[in-house]
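One structure, as structure tokens, below. Some questions next.
Chain IDs A, B, C and D follow the sequence of writing; residue 1 opens each chain.
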Amino acid sequence: MSLKYIGQRILYLFLVVWAASTITFFIPRLSSRNPVRERFAELARMGGFAPADLEKIIADYSRAFGLDKPLFQQYFDYLAGIARFDLGVSLNLYPKTVAMLLWESLPWTIGLLIVTTILAFVIGNLLGALSAWPQTPNWIRGFATSFVMLQGVPPVLLAILLIFFIGFKLKLAPLGGVYSIGTIPEFSLSFILNLLWHQMLPALALIFGSLGGWVLSMRGMGVTIQGEDYVTYAEHKGLGARTIFRDYYLRNALLPQVTGFALALGNVVVNAIVVESIFGLPGVGSVLFAAIRSNDFLVIYGIVLFITMGVATLMIIVELLYPLLDPRIKHT
Amino acid sequence: MAPLLEFKNVSKIYNPGKDETVALDNLSFTLKEEEPTILTVAGESGSGKTTLAMLLLGFISATHGQILYKGKDIDNLRGKEKVAFRKEVQAVFQDPFAVFNPFYTVDHLLEVPINRFKIASNKHEAREKMNEALTAVGLQPDEILGRYPHQLSGGQRQRINIARALIMRPKILIADEPVSMVDASLRANILETLQVLQKDYGVSIIYITHDLTTAFHIADSIMVLYRGSVMEAGGVDEVIKTPQHPYTQLLVDSIPWPDLNRRWGQTDLVPSEDSVIGTGCKFYSRCPHAMDVCKSRPGLFQLEPYQTASCYLYKDKPELKTEALSSVLPV
Amino acid sequence: MFYKIKFLSLSVLLIAAMGLSNSIAQEVADIPREDTLHLGWSLTSPIGTTNPWLAGYTHQQGEALQWEPLSYFGIFTDKEIPWLADSMEYTKDDFTELVIKLNPMAKWSDGVSVTSRDVVFTFEGQKNIGTLPYNAAFNQFMESVEAVDDLTVKLTFNQPAPRFKFEVLTLKFDTGIPIVPAHVLEAVEEVSEFEGGADMPHSGPYSIVSWDVNQKVYDLREDWWAVEAGRIDTPDVKRVVYFNIGGQVGQGMDIVAQRVVNSELDSALDMRSSVIDNIIANNPKVTTHSGDQPPYGYLDWWPNSLWMNTQLAPYDDARVRRAMSLVINRGLINDFVYEGAEIATIYPFPLYPGLQAFVDSPAVKALEEELQPGLYDPDASAALMEEAGFTMNRDDLWEKDGETVDATILGFEGIHSDIVPILVEMLRNGGFDSDVSFVQDAYQQMGDGVAGLYMFGHGASLKDPYAALELYHSRFSAANGTSAGGNRFSRYINPEYDAILDEMAPLSDDDPRFQELAAEALGIYWSEQIDIPIIQWLHRIPYNQTNWTNWPTTANPAMGTNGAFWAHTGMLVITNLEAAE
Amino acid sequence: MSSVSLNQNLIKRPGRLVLLGRYLRRNPSLTIGLAIMLGLTIFTVYGLLTINPKDAYPLAVRPQQPPSWKYPLGTDFFGRDLYPAMVIGLWQTAIIGLFAGALGTIVGTVLGFLSAYFGGILDKTISTICQILIPIPAFLIHVIIAGAIDKRSVTILTMAFVVFMLAWMGPTLVIRAQVLTMKERQFVSVAKLSGMNSFGIIFREILPNLLPFIAAAFVNQVFQAVFASLYLSVVGLGPLREPLLGNTLWSAQSQAAFFNGWWWWPIGPTVALALILASLALINMGIDELANPRIRTSE
């Protein structure tokens, strides 16, 4: 793995972030909307605030947010800000910065996403690999296929159904939130159990929602690998089915899936946006959902950028680790 | 009259610059239309023999030098001449399966050239031509046509390939390891077919192989390449029976001759990494006779009327100009 | 497996640590559930922001428990509720001077007394700081403010300001100003950027003790001045939890409803009629402002109309506006959307006691008889449209010069998604080319007047019709292409109308001439159909009586405030609650 | 050898239909997926011919009615008959899916081909752009685009176009990779020797072999488009009055349909969406097999 290669990848990361920031910057500005004005209008509508001289305040704030500068000046200021990891200020939650919002919401999302993505990855890939493996009993195949069908049920709906039936009707799980109302957060076992207990349904909704994808792609991979000579060869060597499955088939089929892992995180975030808000979890998804609905543009940009950066970085990390998993690959 | 094919100081360099690879180094030879021959190009993988084929077919362009077909540079062929060149220079490739488009039946392989080169004027005639060609290579058209490639044996597929080439009545046929992926029992059959082509149809064949035994059986002359340069060339009899260049000796030595008294593989070919001295003999690092003088590139020394070697062991012999290589190749 | 569980709990611990690292937590006492009030609401304020003068401040997320006004208003009893001030009196007949007397017991939470210095500081700040919400009002009316003594403040106006005391100095619904502590804010350089923090001295009954993104926890102060001053009994509610359900964009209404049913929440944001219906069916302990009967809510000050830009064709033609009104079937709206409750309206203001008296007056009754503003008559509508030069095209839509009537209704999904689709179909059936548009920039489009038709509330009048009628004064009718803020979307211009309003301005609402003029103006509003009144706005808030009783209802108006715990008067609602047996 | 050929001569080659039938029997996922798709198509086409489209919009029928003979799928809060609403919703969802899917696939295929076949700067540019855009979650960009469009002009087709904008990179990279390996295959060289020009090689030699990949990309694109349209509806960025499946679902949710006991309201669009997405997933699974010649040859 050469320095030049790493340099190239870092350059690539920059390009990705630059592309994402450019898209997010310019597209909204193609429209005639003015987020500052919308924000104050929203306040006026909610009745919390009845500014008599809306126009003056809007002008003041537009100046404060740099919206009165020429577009390209704004663009370069924006890029310069990103370079300093300064993602700007939320209009809706002023004076909260986007970085603060991310910092507040990220832990709740990471916790949920890590657990669900890993579980979905492991279970999904195993089921997918099994369903492409000729010796697999039919019921496992059926099971795997049913998860593919489940993928057709959007996690949004799954979340609503889970809350209504498991939470409300059967009273087997809480109806949302991160912990029980009124519990004072502290570092105790009971509080942690409380936290875990509240993650159960959202995790289920997300796992069911993404399992099918893994089953499907792993299955495709498995079908291809099966035709490879080394699997045939291993069979002829008289290795046990279990060994062949694990060492020759699963391992080789899994490799491309690992690259998908980073990309999948990006997609999980999309599901998380809706699932989090349905469960009332204060994660990045909820923040983004609220920002989308109120056109809190800097927050939208910031989160889009952040997710993009995360996905791109993970992709590169996975790519750098790839030679460890697959000795055939060398980065030059 | 210009010769059919002429290589004039042809070199092919990949990635010119720091990491360049010289795939073919200053090669010259000619084939004459009136003297159809079978010329073997032998060498290990990486010797430049495949590059030679690609150059000849016009799939890639030479970095230096010229390849002339009937006196015209093949890179500059246009219109009718280009069509003629396409039609008259044909190839049979190593993998008899890969040449078939899995989407179509094997008919496709034969129909395309017939249509493109307007070899037949109607469907019936086209069918005739196909039958004729298939029969010529020893196949029964009824068994073959309408089938998918995976339904046929390797030997059948390779013969269809030759039939395809045959349909076009080529002047030159490049046979790139045509038998290496075919069952041993069918090899002789295919090689015979090639010989028939040369004799009966007047096709010059460039037979590319790493296998000196088959070369010995069918070729008239041979050119041994190592890292893009000619090590030894001449008549097959001369070169294979009395190899003079240390490299050819190694190659010949490693042939498992069916002679129990003959020991083979006595000397190991020790591959080495830091082999090429930019300006020296390319075989220097592996050569058991390496000498100081070998640090500069040896020329071709003519040993016999039909044998030449590029080695300082023979520096007393008269030196042959690179361009005159063909003079030692019998037809 | 065991390893996995360990890994999971370890990561949860780590994440919880990260998540809680940016929260406020003091030493928190154990307070049992029966002394705690759980409210489901939307929390968006930055953690630690309590200063009412901070840019972007809202009183709706528990802040109303900390900040108090000179006076509250009990809308359902039509009574002023003196608070930090014992009295506020206009001392001149032409409403140009106001004297405020403060309660001597009033104290900030750090023990410092509330004095006239705080009041003067508050008023001057409103006048000088551009970002404050009443900056314009103070600049328009206030001549000077002066501390006569520690407890007396004299406010002088530069013109008659009969409504200033009520509109600005009194807290009701979501309007008015609270008094801020001078001794804290004077020391701050840039008050609009000062966060305040959890321990900022305040006069209200509760202090914040724990705050993260999920909830805000307020505990009762033992030393609240209002109890000592005899304003109120010691509150039963020892702790208030504002739990973040994400508000109108967050957790779905149905799930919040489920949490109310199982008594996790004692109250939450307002809900649709059908949902309240089912909450009560699932848990009979839950009640509403109107008990367990529709309409389940109380009247908000925000009746909704279909507004029109009267400077934009074809809405510049009163016949078209009237024709649209004639295809709105208000009875069907009541049946479809509100379970038969009489919600549809013909007035641009809410029928609170003062306004109810106005519409019940003979003058208004006669006008209503004559103009029939609530009439549903498609034939009459068609006749008007033909008169206005429209013809019915092949799609059964009115058309003039090849253009259909662009009757796309702009509205807000969170609050209009039940009613607007119904209106759209009514208009379509009447031949108007209508569609729904719940765009995020709806309000801006309304303000800019780029589209024709908007669903929006009035939010103006509470006691008398002046504020609502003033919305159509041509003073606010900016030309097309400019922005019309503050709900003045009509851009209506009528000198005759303006003259009536100008005559009303200096008059108090108990002046008979005022009532006469108001009826005249309402007559013009109806005959010109400046906008199409559609519905009264109700707040339907579920009150779970499992833990707490004495919620404000029609039968038990308590101090007469509206029942919204998030409004300025929410503090009075909460402090009046009684523990259930 | 001769006995083998004799045998081959004796077997009568079965017709294409029979082969297709046999193939479908060996490939149950493709069969089931196609069957569901066919069912949905019949439902929609039959529905479109028989319903009164007006019934799919508010105030048409009595509101809040559970399923009955008169209203097979019930009616909703706004007085829409949910059966015609479902028919039209399926139709509109299909338009978005097919339009965005087809556009994404066509653009992807063309770019992939250009990029891989001609190489050079063109290839560098196209593949770099794709690689840069791929890690950016498409949905987020959809949101930004949809948020910036003037909402009154949002139609079913605009929505499809928004979805397409970021749907072409996937197919481009897949097709590019396939063409890259394909053009190194010897049958391409042989076709050249047989006198075929670039045009012929692309369309007659390479393209047919890519059909399974293109089909898989297409199915995948349609899947993504349907999903994206649902989520755009959910965040309120679609054409609201239209009974798009996502819109119906989300309006049911925002009217608390489950809690209010109007279970039939969200169930219809959910089942429909699940069936569409599941059938696409199954077809995708089936095509995988088709795309892999090794699997195809081993019966």
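What we mean here is this: a contact is a pair of C-beta atoms (placed from the backbone, for glycine too) under 8 Å apart; a residue touches a chain by one contact, two chains touch by 3 or more.
Note that this is a predicted model, so its numbers are computed, not measured.
Engineer: Sort the other chains by how far their Cα centres are from that of chain C and give me the top one.
Structural biologist: So the chain farthest away from chain C turns out to be B.
Engineer: Measuring centre to centre with CA averages, how many angstrom lie between chain B and chain C?
Structural biologist: From the centre of chain B to the centre of chain C is 91 Å.
Engineer: Can you work out the whole-Å distance between the CA centroids of chain A and chain D?
Structural biologist: Using C-alpha averages as centres, the distance is 23 Å.
Engineer: Counting in whole Å, what is the centre-to-centre distance of chain C and chain D, each centre being its mean C-alpha position?
Structural biologist: The computed centroid separation for chain C versus chain D comes out at 47 Å.
Engineer: Among the residues of chain C, which ones contact at least 2 other chains?
Structural biologist: If we look for residues of chain C contacting two or more partner chains, we find 252, 254-255, 258, 440.
Engineer: Could you list the positions in chain A whose residues touch two or more of the other chains?
Structural biologist: 33, 160, 164, 289, 293, 295
Engineer: For chain B, give me the residues that contact two or more of the other chains.
Structural biologist: In chain B, no residue touches two or more other chains.
Engineer: Got a list of which chains touch which?
Structural biologist: Touch list across chains, by label: A-C, A-D, B-D, C-D.
Engineer: Quick one: in the complex, what on chain D touches chain C?
Structural biologist: Going by the criterion above, the answer is residues 57-60, 63, 77-79, 147, 151-152, 236, 240-241, 251, 253-261.
Engineer: Quick check: in the complex, which residue numbers of chain C touch chain D?
Structural biologist: Touching chain D from chain C are residues 252-255, 257-258, 271-272, 274-275, 277-278, 332, 336, 408, 413, 417-418, 421-422, 424-426, 428-429, 435-440, 451.
Engineer: List the residues on chain D that touch chain B in their complex, please.
Structural biologist: 1, 5, 8-9, 13, 185-187, 189-196, 200, 205, 208-209, 293, 297
Engineer: Spell out the residues on chain A that touch chain C in their complex, using ranges where they run on.
Structural biologist: Residues in contact with chain C: 33-34, 37-38, 41-57, 60, 92-96, 100, 103-108, 110-111, 114-115, 160, 163-164, 167-168, 171, 175-182, 184-185, 187, 191-192, 195-196, 199, 277-280, 282, 286, 289-290, 293-295.
Engineer: Within the complex, which stretch of chain C touches chain A?
Structural biologist: So the residues of chain C touching chain A come out as 8-9, 11-13, 15-20, 22-23, 25, 28, 33, 36, 38, 44-47, 49, 54-56, 58-60, 130-131, 133-137, 140, 173-175, 193, 210, 212-215, 217, 239, 241, 243-247, 249-252, 254-255, 258-259, 261-262, 264-265, 302, 412, 440-441, 443-444, 447, 456, 459, 483, 485-487.
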